Amino acid sequence: MLIVMSNTATQAQIDAVVAVVERNACKARPMPGGDRVAIGVLHNKGPLDAALFLGLAGVKDVIPVTRPYKLVSREFKPEDTIVSVGGVNIGNGHMTMIAGPCAIESEEQAMTIAGLVKEAGATIFRGGAFKPRTSPYSFQGLGEEGLQILAQVREETGMPVVTEVMDEQTFGLVEEYADIVQIGTRNMQNYSLLKRAGKSERPVFLKRGMAATIDEWFMAAEYITEGGNHNVILCERGVRTFVHHSRNTLDISAIPYVRNESHLPIIIDPSHAAGRRDQVLPLSRAAVAGNAHGLMVEVI
Amino acid sequence: MLIVMSNTATQAQIDAVVAVVERNACKARPMPGGDRVAIGVLHNKGPLDAALFLGLAGVKDVIPVTRPYKLVSREFKPEDTIVSVGGVNIGNGHMTMIAGPCAIESEEQAMTIAGLVKEAGATIFRGGAFKPRTSPYSFQGLGEEGLQILAQVREETGMPVVTEVMDEQTFGLVEEYADIVQIGTRNMQNYSLLKRAGKSERPVFLKRGMAATIDEWFMAAEYITEGGNHNVILCERGVRTFVHHSRNTLDISAIPYVRNESHLPIIIDPSHAAGRRDQVLPLSRAAVAGNAHGLMVEVI
Amino acid sequence: MLIVMSNTATQAQIDAVVAVVERNACKARPMPGGDRVAIGVLHNKGPLDAALFLGLAGVKDVIPVTRPYKLVSREFKPEDTIVSVGGVNIGNGHMTMIAGPCAIESEEQAMTIAGLVKEAGATIFRGGAFKPRTSPYSFQGLGEEGLQILAQVREETGMPVVTEVMDEQTFGLVEEYADIVQIGTRNMQNYSLLKRAGKSERPVFLKRGMAATIDEWFMAAEYITEGGNHNVILCERGVRTFVHHSRNTLDISAIPYVRNESHLPIIIDPSHAAGRRDQVLPLSRAAVAGNAHGLMVEVI
Amino acid sequence: MLIVMSNTATQAQIDAVVAVVERNACKARPMPGGDRVAIGVLHNKGPLDAALFLGLAGVKDVIPVTRPYKLVSREFKPEDTIVSVGGVNIGNGHMTMIAGPCAIESEEQAMTIAGLVKEAGATIFRGGAFKPRTSPYSFQGLGEEGLQILAQVREETGMPVVTEVMDEQTFGLVEEYADIVQIGTRNMQNYSLLKRAGKSERPVFLKRGMAATIDEWFMAAEYITEGGNHNVILCERGVRTFVHHSRNTLDISAIPYVRNESHLPIIIDPSHAAGRRDQVLPLSRAAVAGNAHGLMVEVI
């Protein structure tokens, strides 16, 4: 953290800032520049709150320098994390294709689609049993029956299955049936759920929050890894912007950034980014060309 | 919903769209205009998914017309909802002042602050016992001990208390101690938590998600009211934008919009909108002048 | 345009809205639905302002239906526009590669880079002579000397050249030297400049505004085509969002959307979207895979 | 500027960064921390481009520290700038009320409205003669005739008038009639226009770009002041966000931030922020309470 003082800051104000830094068990290193003094803050464990300093007299700006995440960073673990599940590897340099319907509606629907996506090259099957819905009046998923159908799909096709978990109550149930447990965009900062996922033996498929910075996304993954579960797969699904011509804006820059900063694999979900069928194919191609580790696509 | 056809759409394409509308138990009303046909969709219960139509041949655009929420709308219930708790009314035309520390750290800290904010005009006390933290390495709150301190504050000052609940597991515990149960910005679309709140006898203080549209916020409130709990208080706390000079951007337009569209009270939280102390006062004044039902302010 | 009335709107209020519609030379078609009346507005030339109706008693919502652009739409002209310049075609199904330095700094610099990019496959050379700079203290470009160097590059390499024009004063000068005239992101809604471009015989390279919707971008192109210049090339260069890990967020969905809605070619500028060198290659690949008509890349 | 090195950066990589800093006429000050080295860059005149360093081996991050603006900063000039025009002061602690129609349509319309707004407390009259329109098919303003009507309003009511200038060609004309020259949101980064405004003897009313950071807005003002014209009035008119319930989101935090950072007066335009009449009054009240120096309101 760097604390930038006003060009009119007095020595007493600088000393007061140094005192607050030291009270928070950090070292302060004042650096006089041409116009003003900046104070480097060293050896802070975890993030210090900028608000501690922004209110102090003579302080102009507080600039975070070090990243708040550790276990998920490539600096901490330089080699790629490869998640292996049911004979499929994610993050090992091959494109992993995950496909399936939005919601599991019936055995017949699931089996038919599973056959089609397997033939088309998918190696992991997706389908919702518990569905997070904007409206309480919408179909909320088949629940355990949906999970049983997913297990049947796995048995008949050999494809491991991924499905979303919405709360701790049903986590054990989802874990029992699913090969990969998905945490959805709306729950990316549901910390109780993240802590529970940290204790799971299943890999976790962590969607980016719809307006989350990559730092916040990494911190959500840090909750899971800090809990002991190192098999986290990141999934970019578009972020909320001012545009109207697509439901969200797919953030392709997230791919190189995540690959540089972290060892975790990154999958792209073009379906939720686009929100309209005619954009899914171009976004999928762009994601592959942009060097994602895989795709998760919804099919009807 | 209005389905706008391309100006080259054939009659067969129009008929196909009408068929899909009717298969979804709605009525289709094609309206030929100067250039093209638009098809009105009538009598839909709950929201129809635009994606059903966007992929069909000849369809140019799908425009939602009716709002997806009902119980929280002023059209459904024209008179203001007034939430009464511990002798304090929220939404009755007086400014309700809610204040307290970010997190409860000790009995002494809580009591000292409670005395100060009461003297300054606050009638409800706030303080976090379970804290949602971006980092797993940050202090996560005192938990039940914090709740007990809140209960003591109520006993000694007479002020009802509001505190955040983070999951269903601890909901019963929070309910037992708190007068108002808060659902935080990161959990605004945690539907399992919203359903549990719908069964609570405590009023619910529902913060807006950091990138939620007001429709999505209303739908979150609809989950709670549909569950049977009509005492919902909405809280605007700034939305995420491209700006850097404040942590979020306080959405003052939300006040008149919510008051027109809904009967629920709306409180402003300037502290999380600003993220810096020197902006809290101007934002608070702006919120009062903008006709909010109250303020929730953090004090150190 | 569709005007949605409140469910409590009276017949007199509906009649008053119809009267305003007719006073604006349009036809009103009231459509009674289950809950409320919606009023279709037909035969409006150009966009009607929603504000005309939003203030009227009983009006709940005003929803635009038809698009405001015409000449640039694919409905108006179904076949692709192919811009031909100096033996290079843009929009004909081949990837057009445009490359060069940010600013022209010297003849030697320009010639060296031109040789390298030509060898690497570029067919059009770019370079700034008049530079729009955030700071008045930054280098503002070589001006006419830069244009002369561009002309030399064309002469020696055979590549047509594109460079930015910043105002009407220097438009004639830029036109004289450049094969393609660029209008930058900050001038996308500089209507005086757009009108001048409409009178030019040079193709216009129109960058999207940094927070422009695609409708606004199309309307900027409409200014140029309406003035008589049909050779407009659209360039997506990232939009401003809340993210920090890249300067802007490249909007890949713009490619399929523009190709569906318009006949104009669309080029991607990954350099300004990324703002950092290590993201330019992945974004470039994504743009090609996403079906852009070409790339414009800055090289140092 | 602070250059943060990777924790695996070698001494040679650090030396290479230092060399680039020095080649750009700055001083480098490497600071070894617990995990990594950060390099402070001192004595840079004007902004250094982060891209210079982001591509270098071993560089993890580049963080700007000092602000790029100077003349408009309160550090440079601590006392408030008060703009005096036609007997009215802006920025002297009183609320300045600017009001008038969007566009001047006729003498009768202008006079009628001028009478009403004067009676209601306005001291400056606004009205558009040259109108920036999204659509080339919309009414573009009366031009010089509109300016003449404005001059008549001034003569008859005594109120100074403000109107928008769209290009350098008509700048002299606008200057001749108007007391204050407005630069609109779409031209905030039209640098040729800003430079021309810097040579004007009229105060300049500079609207914030619809997605401009405050730094960019200050830099636009810096262009004008650097040109010699110190009478700049800043006007916040809402920024573009993801919300739908208002046209833009009014950024109230801009008021305290601008007042802290700069000596220039700040006016709020609630009309363009809201885009709907029923929000103008609450936003106006909020702006006054938030400590703006004045309001600019459109009346029909």
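For clarity, chains are labelled A, B, C and D in written order, and residue numbers in each chain start from 1.
Rule of thumb we're sticking to: contacts are C-beta pairs under 8 Å (C-beta built on N, C-alpha and C of every residue); 3 or more make two chains touch, one makes a residue touch a chain.
In this text the structure is predicted, and so the values were computed from the model without any measurement.
Asks: Taking each chain's centre as the mean of its CA atoms, which one is farthest from the centre of subunit D?
Replies: Centre of mass proxy via C-alpha means gives A as farthest from subunit D.
Asks: Quick check: how many Å separate the C-alpha centres of subunit A and subunit D?
Replies: Whole-Å distance between the two chain centres: 37.
Asks: Report the inter-chain centroid distance for subunit B and subunit D in whole angstrom, where each centroid is the mean of the CA atoms.
Replies: The computed centroid separation for subunit B versus subunit D comes out at 33 Å.
Asks: Which residues belonging to subunit C are in contact with no fewer than two other chains?
Replies: 211, 240-242, 278
Asks: Quick check of your reading of the touch definition: is the inter-chain graph here a line, ring, star, complete or other?
Replies: complete
Asks: What does subunit D use to touch subunit B in their complex?
Replies: 211, 213-215, 239, 241-246, 249-257, 260, 273-274, 278-279, 282-283, 285-291
Asks: Looking at the complex, which residues from subunit D come into contact with subunit C?
Replies: The touching residues are 45-47, 50-51, 54-55, 68, 132-138, 166-169, 186-187, 189-193, 195, 210-211, 216, 219, 222-223, 226-227, 240, 275-278.
Asks: Note which residues of subunit D are touching subunit A in the complex, please.
Replies: 2, 4, 6-8, 29, 31, 33-36, 38, 40, 42-43, 61, 63, 65-66, 75, 211, 240-242
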